[in-house]
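The data blocks that follow each hold one structure.
Look for chain A in each of the two complexes below; its partner is chain B in the first and chain C in the second.
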Partner chain A sequence: MGEFELTLSSLIVVVLGGLGVYLLLPRGTNSSDRAARIVGSLLATISLVLIASNFGDVLPNKTNELTFYLLAAVSIISAVLMIASHNPVISALWFALVLLSNSGLYLLQGAEFLSAATIIIYAGAIIVTFLFVIMLAQPNGAAPYDLHSREPLLSCTAGVILAWTLLGTLHYACTEESKPLSQRHAGASMAALPSPALVAKSLEAQPESIIRADKGHVDNLGRTLFLEHYVAVEVVGMLLLVAVVGAVLIVNRDPAKLTAA
Partner chain B sequence: MFSQDWIEPLIKMAVVIGAIQGAVAYLVLAERRAAAFFQDRVGPNRVGPFGLLQPIADGLKFILKEELIPSGAHKPIFLLAPVMILASATLAFATVPVGYYFPAILGLKAPIAMTIAPGMDIGLLFVLAVSSLGVYGVILGGWASNSKYSFLGGLRSSAQLVSYELPLGLSLIGAILLSGSLRMETIMDAQATSGWWWVMLQPLGFAVFLISGFAEAARLPFDLPECEQELVAGYHTEYTAMKFGMFAMAEYMHMITVAFLAVIIYFGGWHLWYVAPYVEADQVTLIGALLRIGILQGKVLVLVFFFMWVRWSFPRFRYDQLMSIGWKIMIPLGLVNLLASAISQEFLAQDAYLAKAVVSWAVLAACFVYGMLNVNPQGAPSQHALAKV
Partner chain C sequence: MGNLPLLNNYLSVGAILFTLGLIGFLSRRNLIVMFLCAELMLQGVSLTLVGFSTFHGSWGGQVFTIFSLALAGAEAAVALALIVVLFRRNETLDISLWQDLREADQPPVLDEFEADQLEPETVYPELTRSGVLPGQGGLPPHHNHRTIDEAIEEQRHEPVEVPHA
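Our next item is the complex of A and B:
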């Protein structure tokens, strides 16, 4: 799958992309900004194309692969544009586009529920709340901290190292044959159901598996969550409950008011 | 390349998009005629017989009027907002079935599912997710217009849309538990095989769904986003010509989506006792298929008429009342319904529909009595908000 190894040449490619992003970040001055932005976007695009050309067949079907590259490109480009934008409202919109294309990628991999949940929770609710806050907080145009990115050099360096190691690890992880998790849904790139052969294989591997071939995707997800990871789900639920109670307490500082309401 | 796998979805998309746009055009006419009927007027009847060509005249007007962009508007976002809202409203129909299967005639391979994306296991969630993206068009349209009325309208309505998504989702869970799937075809099949429509087993869930649906579609009595008396026209005050037309179309599409969801989840979809009972997918005849499409669309039209009826029957809520209805009444009711249906689903047999119906109607009656005893008709839910002012 991935042909990206941890070599010097691959590091150079990633550094090229990091340099492009560094040039794209807002710096508060408008004079030399335009030239830097053009050079930066050029460098970032070249690096992205070089990285993408190192990946071979991602998915079995040509149409799926085209869709994958399209969504992945939209996701990465809008992620860069999100941090490069001067206007926080526009940044929030690019962020929404990142999430939308990511949920498209989940859908392509057969994780239907995850993709719908991403859209409902992140794109539909959280980003809208962000937009609310941004719009209400800044009636008089952009603030100084919107025009300057904080520590652009350090963050770009950290990003380059992270991206390089991630891509390299992806390569090693894909060449190893130890992937019990992905085998469960490996055949389900577009179909709702994992293919019977794969499910039979995973059933063989785990005698008491709760994944059932005759049930749909959401059904199997529910089984996994509420049978295999029941305690974790309960703990997370309790954590959210505590957070909600804490939020109510912070809003209503007066305890007398709380009992009255 | 040009196999049935490719051609079939394309034809379905063309048919669905074309039919929805045409339906929207004629629903505007129907709404005006219905409004006239309720107010003892005649309504538009000059263009063509019974005013049937009125939508074409309206469409021409939309296209030919001058496009205005207010000074100081954020131009790209201003232009993008109507596209966003219309795209999300259209995309929601991707997993909505418009009938049962179509028989494999004329050398077609298999019975054709009447959905653009029939295999989607999360059909219902997809509709909720995609239509929740429409709020971007509202909030950005209001913000980019550089007008205080638009901005206030956008803020109000996005708060409303985000708030009412919660009870809308909660109310559906009871029906999903009964059918055991999020696929809308499976939900209809479950109702057809049992012979019970979920509205009989989920009266409380349906009530919460319908009220939240009105709020999500921004229809009166929940049309706070527009609210002519207070905000000129809300978030689309500054929009003219076809851009305004796109907002109006998206609004009608939301109404159609809610009507489709209500029919599919609570009113049995294409099922009608003795007329259109459950059959296997490969046993559907041509007449049966057409009949089932007709039944589903007929039910949707009845519900859309109900929407128009409500518009002229109830006064509008105040904004704080709207919010307290959403958070203090609709969400608790949705939770009660979820708890009751989960308990009856767990402890009663799968086909004990009568017992489940008795339980759910008893819960509805209990909620009603509790509400009558505890909620002050002078607007008790908003007392707290009023005390602050």
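Our next item is the complex of A and C:
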């Protein structure tokens, strides 16, 4: 397939998805909205299937592959429903589903610690968001600003352009990379990727004490985090402290004093 | 070096999640939903980082994801504090009411719906009408050939004369 056809086909797929999301975004309460939502979900599903058809069957294990497709589909569909739902509480629930399937994807990639950490940290975040929604929610049903999106067409256009550049580049790079070297387009390969020899050399160059093959995943991750990146850990800890102090300061300002000044 | 098509799959999912978060952030007007959409974008980036980490067989991507989790925590604290302050001042979560914060020379972006929202209609409580109209000399109601509703309509159209004290 030529360069142009590749670009055009990915553009068509992404535009289909963007149109679907545009139709799904909330625009008023009238019942004619229902038809738009059905058409939108159809279009988004078609686009998702077309994108998934570009995925190669890549995993050595068939069960792993099925799990990947399932988790990815759940993640993306929940994300669409999250930005399309009329009620912030429902949005938070869909976001929880996105997080669950994402932690499944981490697990599938062998990142056990991150999978657990995502669930633990974001469970708290979701509960706090729930509290906020309940605390600040409108007592009489959905608020008008939840039923009307702001410039849905423009934002979907921005999303389509972003997704097209990202997915098109990915797809193009992947097809070019899988070709033998002689057939590659000049400059089209993932030039930034280091050669295998270089990677092996850099792995050898790492101090023996940091990565140890006889230790487990969490052990090695902790070693990398606290031996190689200890300054960054300190900085992030400081940042968290400053953020919490700032949050307390922002909330405790007296609004009456602010308007008087 | 890992499996290139596998990396492509994870990067695609991450890119789609990021794009959906962007669309939601730009188009939704509820502050809390916008906050959730920002978190969704972070999730897409985290997935990408973990994908690269697995592909290169290095721990850097996962360490970076741990940092992004911490940053998400800091961001959540400040964002929720701001949401509370904004809600206190306006009693609404609508972001478009805060367009006063735009640059001084920018025109306001108001669609029809937003213009309606800016000046909420004052709704007074509806009371049950009963008794004798004021200014009728205390006549019993059957002497009055107007119904009470008609009298109220008339009074509404006539200018009210306020006697000087």
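FYI, the second predicted complex is superposed on the first by the 185 of 261 C-alpha atoms of A that agree within 3 Å, B and C clash if a C-alpha of one lies under 4 Å from a C-alpha of the other, contacts with A are read in each partner's own complex, and residues count from 1 in each chain.
Keep this in mind: a contact is a pair of C-beta atoms (placed from the backbone, for glycine too) under 8 Å apart; a residue touches a chain by one contact, two chains touch by 3 or more.
Note that the structure is predicted; figures quoted are calculated from it, not measured.
Of the two partner chains placed by superposition, chain B and chain C are both touched by A:F113.
Once the two complexes are overlaid on the shared chain, A:A232 sits against chain C while remaining clear of chain B.
When both complexes are overlaid on chain A, the residue A:A96 reaches chain B alone and has no touch with chain C. The larger set of touched chain A residues comes from C, when the choice is between chain B and chain C. Contacts of A:V128 after superposition on the shared chain: both chain B and chain C are touched. In the overlay built on the shared chain, the residue A:G216 is in contact with chain B alone; chain C does not reach it. By the document's definition of touching, of the two partners only chain C reaches A:R253; chain B does not.
Looking at the shared chain after the overlay, A:L81 reaches neither chain B nor chain C. When the shared chain is aligned, no partner comes close enough to touch A:L43: not chain B, not chain C. Comparing the two complexes, residues 113, 117, 125, 128-129, 132, 136 of chain A contact chain B in one case and chain C in the other.
On chain B, the positions that touch chain A within their shared complex are 77, 119-122, 125-126, 128-130, 132-133, 135-136, 139-140, 143, 151, 155, 158-159, 162, 165, 169, 180-183, 384. The residues of chain C lying in touch with chain A in their complex are 1, 3-6, 8-13, 15-24, 26-30, 32-33, 35-37, 39-40, 43, 46-47, 50-51, 53-54, 56-60, 62-63, 65-67, 69-78, 80-85, 87-89, 92-96, 111, 113-114, 117.
Chain A makes touch with chain C in their complex at residues 18, 21, 25, 51, 54-56, 58-59, 68, 72, 75-76, 79-80, 82-83, 88, 91-92, 95, 98-99, 102, 105-106, 109-111, 113-114, 117-118, 121-122, 125, 128-129, 132-133, 136, 143-146, 148-152, 154-156, 158-159, 162-163, 166-167, 170-171, 174, 177-178, 193, 196, 199, 203, 211, 220-221, 224-225, 228-229, 232, 236-237, 239-240, 242-244, 246-248, 250-251, 253, 255.
Note for the complex: chain A touches chain B at residues 89-90, 93, 96, 100, 112-113, 116-117, 119-120, 123-125, 128-129, 131-132, 135-136, 191-192, 216-219, 261.
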